[in-house]
Structures are given as C-alpha cells and as structure tokens.
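Everything below concerns the one structure shown next.
Chain naming follows the written order as A, B and C, and within any one chain the residues start at number 1.
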Amino acid sequence: MTAAATEDIHIDFEATGFTYDGEAFVLDGIDLVVEEGSFVCILGGNGSGKSTLAKHINALLLPDEGRVAVFGADTRDERSVYFIRSNAGMVFQNPDDQLVASLIENDVAFGPENLGVPTDKMRQRVTEALAQVGLQGFEKRETHALSGGQKQRVAIAGVLAMDPRILILDEASAMLDPRGRRGLLRVCCELNAQGMTIVMITHFMEEASLADRVVVLDAGRIALDGVPSKVLTQTEQLAGLNLQAPFACRLSGELQRRGVPVATHVSEDDLKEELCRLLSKT
Amino acid sequence: MIAIFGRYWPGTSPLHRMDPRAKLLLAFFVMVVIFSAQSFWGLAVCAAFVFGFFACARIPLVQAIRSVGLLFFIVVVAALFNVFFVQGGTVFFHFGPIQVSEAGLYQAAFIGCRLSLLLLSMSLLTLTTTTLDITDAFEYLLTPFERFGLPAHELSMMMGIALRFLPQFAFELQTIHRAQVSRGANFSNSPWKGGLHMVGSLMVPLFTSAFRHAETLSLAMDSRCYHGGVGRTRLAPLAYGPLDRRALAVIVVMFVLVLATNFIPR
Amino acid sequence: MPIAFEDVSFSYHAPATKKRAKKGVSAARKGAPPPPEAWALKDIDFCLEDGEFFGIAGHTGSGKSTLIQHTNGLLHPTVGRVLVDGQDILDKKEATRARSKVGLVFQYPEYQLFAATVYDDVAFGPRNMGLAPDAVDACVHEALAQVALDFDTVQGRSPFELSGGQQRRVAFAGVLAMKPSVLVLDEPVAGLDPAARRDFLGLITGFHDEGLTVVIVSHNMDDLARLCDRILVLKEGEMLMLGTPEEVFSHEGALREVGLGVPAAQRMANSLKGAGLDLEGGLYDTARLADSLAALYHAAVR
C-alpha cells in the first residue's frame, strides 16, 4: 500500500476541474484541503457540483484537470484505488440503491469480503460496525424491512466495517424524515468525536451548523469557506446561492433590522441566551 | 400484500443451519423423489415428509402456502388441462366436445397434488435459506465450470442482487400502478385493452427506475472495493457438516419408501 | 367538493372486499378482527372542506400515505366509509368519478413519467377520461401553463431529457390536466434544494389561489404552519391532533414525542417564554417573533 506522505492531510484537491461532456465544467478549479479529524460540510444548491466533488474523494470520478490526493495517494494511480476507497468510505443519497444483500450482516460484510479480510476477523468487524451506528443485534434482520433512516445507518456500518478514516455522506439525509435525519446526524457526530474525518454533502442548514467547517459551492467553484459562525451568518449571500441561512441567523438579522443589538448567531441556544440577557435586565 | 415466492423466514432450525449447497442439491433430489411417486400412496409418503420438513423448520404451513401464492395458479391450470384432455373410465358429464371422465379427474387430482408438493418443497429451500446463501451455493456448485469460461461468481452476484431488488421492484410497481390508476388508467378489465400505452405507463417507469438503481448500485459497489470474485473472503464460509449427512440419509429413506409404494397395486 | 372520512379504519390484512359495495354501507367484517397492531389507520374521522389548504403530518409509517390513498378509492376502508361529494366511493362508479375529481400526486412523481413526449404524458389522464382530442389539447395547454412550463418549448421533448425540477412540473401537470377540484400532494418538495422548494411551494399556493382544495403531506413544520388552514397529525395510524396551525403547534411536547417538533420560530418563542420572557400566546413566524421581541426590547430600553 502506498505510504501517506502528508499524514495529517487527508484530502487534497489541487486546482481540480471536471467535466462530464468536455464542455461545461462541473468542477472548476477547486482547491480544498481537509485535515484529519475535521467535520466538513459541503453545501450548495442542485447543480452546484457538490456530489461530483464527493465522488472525486474516493476515485469514483477522476479529475480532468489538476489532481486529487487522498492520504497523499493520487486518485488517478490505479494501484491505490482500493487503498483510497477502503479508507474513504462513501454513503449515497438513496437508501434503497446501495444495499447489496438481503440480510444486514451480509451487507455490512460486503466491503470487508471484497478487501479479503480473514473470516475470523470479519464477524467481529460486522458486530462492531453495527454497534457504532446503534444497530446492535440487527445482524440477522432483513434490509428490506428497515426504515429509511435505519437503512442509511446500515450503509454507514457497511463503510465502517472497512475500517476507514474518512466518511463521506453524499446527501445521505435528503430522503429521510426528521427523525431519521437526526439519528444519522447523531451517528456522524459520535464518529467524529472518535476521530473520524467526516465530509458531509447536504443542503440542510441544521446539519451544516454542527460541522466545524462549511464549504459552499456554486457552479463548480468554492464560493464561501470557513467556520459555520462565519459562513452561515451571511444570510443574503447564501440566499443568492439558492440556500437559506439557519433560523437563528435569520431571526438575528430580523432583530438587527428592528434595532435590537444582537449578534448574528448560528445556534438557537446562543441566540436565546443573548436575548434573555438583553431583555431581562430592565 | 404481494406474495413473493418463498421469502426468507428467519430461524435457527436444523434446516436453516444446513449447508446451502447440500440443501440445494437435496432439494433437487426431493424433486426427483416426488416425480418418482407413481400413485397417491407415494404422494402421501412425500406429503408426510414435506410436512415433516416444515415442522422441523418451524415454519407454519399457512405461511408456506401464502408464500407460494400466485404459483398455485399454475397448479390449477395444469390440473384443469388433465381434466379435459385425459379420458377413460366413467364419463361423468359432457358438454359438446368437452367431457369429464373418471381418469381425467384422477389424473388432475394426482398432478395437482404432485405439483403442490413440488412447489412447497421448493419454497422450503427459499424460506430457510437467505438469498445470499443460495447464490453462494450456486457459485460453489458452478465453480468447476469456470474453466470452461462460465463466469460463476458474476452469475451468482447478479442473481443475489436480482433477488435483493425483487421486493423493492414489486413495491415500486405497486406505486406506479396506483399513480397511473389515479390518472384514470384502467387496468382492471384487461391490461391490453388500452394498447401499448397502458402497458408502457407501468413498464417504462419501472425500467427507468431499474436503470437508475443499477447506476447508483454499481457506484456503491465500486466504492466498497468490489472487484469480482478474486481475493474475496466470506463472512460465513460454506462447510458441509453432520447435519447435511443426516439430511441426506432422511431423503434417501424418503426415496426408498416412495419407490416401495410404487409396488402397491392400484 | 368535500371529502368526508367517517370512522375509517384500515388494515392491510383485511382490506375491504368489492362485494359489500352493493349496499353502499360498510358491513361489519366477517371473522376475527385484525390484531390492534395491524391497523394502518384507526378511527379516522374528519371532513376536508371546500377550498381548504389542509396539511397532514406524521413520521414515516404513521399512515399518511395510506390515508391519502383513501381519498380517491385506491384503497377502501376496512371499517367506516369515505364520502366524496356525499357519495361513498366504495362504489366502483363513484371511485372512478372521484379519481377525476381528486388529483393525487405521489411522492417523487417524476418517477412515474413514461410517455415519449411531454405532451403525451400530460395528455394521459384526459385521454383516459375519454375526452375529445381538442378538449385534451386544451387541458394540456392549461396544465403546462399552471406549472409555469412553456408549451412550445417542452411539449415535443422527451420528459427524460428535462431537469429533475422540470420533470416534477410535468408530473404535476399530468395530474392537473384532469381538472381536479381537490389536489392531494404527498411530500411535493422532497429531495429539492431550498430554492426549488420555494418555487414549488409557490406553485402549490397558486393552485390553491385558483380555487383548488389542496392537501399536502409534509415533514416540514415551517411549511405547514405557513401554508395550511388546518393540520392533521397522525401517530401510528390514529389522529393525534386536528386543528389550525396555532392549535396544533401549541402542543410542542406531544409533537416532539412523535418525532415532529414545531416550526423554528414557535420553538424559539416557547423556549423564550419558558425562560421567563413576557411573550403573548399564539402562533409565531419569524417576522412576528422579531416584532414582539423588538417591542419588548424597545419598551425595556425606554
């Protein structure tokens, strides 16, 4: 396996360009470095190139311009494809499209089986992976009878069983109901707390506010990049990019317009705290 | 709702624990045994064994019959064929060129029972074996033919995925059907009445959906490092055990008994 | 055209048979009743009024989809009856009539497109109703206009060449072309980005303004609060609440229990009230909450 040259840099996009048809560039000069252990949220409206970007991280798509390196390995190097894919696992949007087996344990074991993990270690990996996503004891259940949120967690377990260091979620919550979405987010936060690098593609702002970095794409370019409190508070710019700022930011904005001196908050709790302080000191 | 042929019925019975390769081969053997029964006596023995297998697998017979569901239609059709085309003995009733005779009824009942037993025993295989195990078993059994260019692994993978998507497509077809009915489509009289348009209104969405699923599924498999059968390991490697030998013994006994009944004069 | 649900219960294990349609009244079911957990819907009793904008909320598996499939006779109650315009739609003729009056748009309706051209797809419904070609033509023109698609640009194209958002518009048009007076939409904005969501909700509001009765199934409490006259909340097939947004969203705890919650502004208002701020009752949206808080602030400063 290729040794990683730059250990703490997990993902490195250098002037990456990509086009499906040779004319319109879906990715257009992306420069992006993601460090170990970070939780990055990639936002953008439909057609902004966010899913295309995600597919570059585990070599499902290869750049036409520039380069993408994962753990220092170039995604175009055929010898490192399985190294990259097993270390940067991906969960897709539609829960029904990505489960290969009818029984949960067989689905979770699919990745390790492909990697040639010895049988005696496999069982343990499956059990652990299911426990990590809060589905202990689901081994013998059928994938088909699960709720959407549970299916997505099985998909995450399938990735975790390959023992990756990066988890990419490509709009994985888009088709879930609020309860399923919350469950998925909780799992991601827990994994991140244990040191997993998370790259989450989404257009839900509540998810973005939990990340420690937000990257907003527009027409294949990076439009905004920074911590949530810096990016998500730019209410008007976000609206221009077909996105809507989180509720707390919008309310802060409305209050400022009405002459109430509050800061722009991303978190509802922070806004509430400031309001209480401001309004109860009469 | 929609009956699907022998969907897996989770359990830990001896039948569930048997090696799927052995089960596949023995299921084939059981079919041969059922075909070798020449009289109702033989079928009675077969029935006793098949019901015994169900008891052993702890699957309620009602469930089995429900799981076979629509396929019983074939049984009925086959039986009716025999009523009308086999002649002999007392004629009970006739209507123009059609007549129903004693031999015809006998034959129809016999074929009906035999086919029902066959369906039930086949459903037993799919009820006690996960689709993945069945396809794995196929793969192992076909591996010797790989040297003649047969893509055993790919075939079994395809089968496994097809089976995994079957309930999904059944559900999607139901949704599409309801959506088109909501738009005034009428499939109830005859699906062909509205011409190709009606059929297309169900099939085109189903096919486009299948392609859409296939596209993402292949990406998802790629991203989980799938690269064919070479160098793959197994979560649960297959292994023959004492259970399989005992099952073989049981079915040999069944075979012998059925053959013996063939000597009972009618 | 009101739709009345009279004590409707439904079980997939004991669906209604067509036979008892003869009397038009649902007879008691023969044999043992299904076990309690088998009810997909239980004792649903409400009436959808003319011109209403009606919301249905509930998490996955709460019976929302089952419920809306009762509005045009795709499913028939096991117990109770559904009256469309006063007629029990268990009757086959009435069900057919109901289908031309109640337009049902399924989730991800673009997945049901099938015809070679947009025109043919939109014309499917009117043709099934047996309309003459020029009447069909008029329906298609009008329906495409209603979803803000340009007839000349799209009519001859294959629906599969269009963008996802345009496909969904075509699918909407396919239902609108049947000239329904009630439009039932199952998660009409699922899978869309915020800008497209806004566009589609705008379209739907437009349908309502044109006089259609609209039923919308959604997970998004902000949308429901903003749009609906009344909201029905389902929990495991039963009616948990039915009322105006103000009534429904005053029960934050109960909604949270079924995994739903309340609109963001209401949530904030409730939590500020809990912290001792002097906010009035009633339903809050972002603007009203900002107004009230600003008033509090200016009063305090003065």
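Methods note: a contact is a pair of C-beta atoms (placed from the backbone, for glycine too) under 8 Å apart; a residue touches a chain by one contact, two chains touch by 3 or more.
Quantities reported herein were computed from a predicted structural model and do not represent experimental measurements.
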item	value
Chain-level touch network, classified as line, ring, star, complete or other	complete
Pair joined by the larger number of C-beta contacts - A-C, B-C	A-C
Rounded Å distance, chain A centre to chain B centre (Cα mean)	42
Chain centre separation in whole Å, for chain C relative to chain A (CA means)	31
Between chain C and chain B, distance of the C-alpha-averaged centres to the nearest whole Å	40
Multi-chain contact sites of chain B, meaning residues that touch two or more partners	none
Interface residues, chain C side, partner chain B - complex	12, 69, 72, 74, 96, 99-100, 103-104, 106, 109, 111-115, 124-125, 128-129, 160, 174-175, 178
Residues of chain A that touch chain B when the two form their complex	55, 58, 60, 82, 85-86, 89-90, 92-94, 96-103, 105-106, 109-119, 122-123, 126, 140-144, 155, 158-159, 162
Contact footprint of chain A on chain B as seen in their complex	8, 10, 130-132, 160-161, 163-164, 167-168, 212-213, 216-217, 219-227, 231-237
Residue ranges of chain A in contact with chain C within the complex	45-46, 147-149, 174-175, 177-180, 203, 242-244, 247-248, 250-251, 254-255, 257-260, 268, 271-272, 275-276, 278-282
Chain B to chain C touching residues, read off their complex	1, 172, 175-176, 178-186, 194, 197, 200-205, 208-209
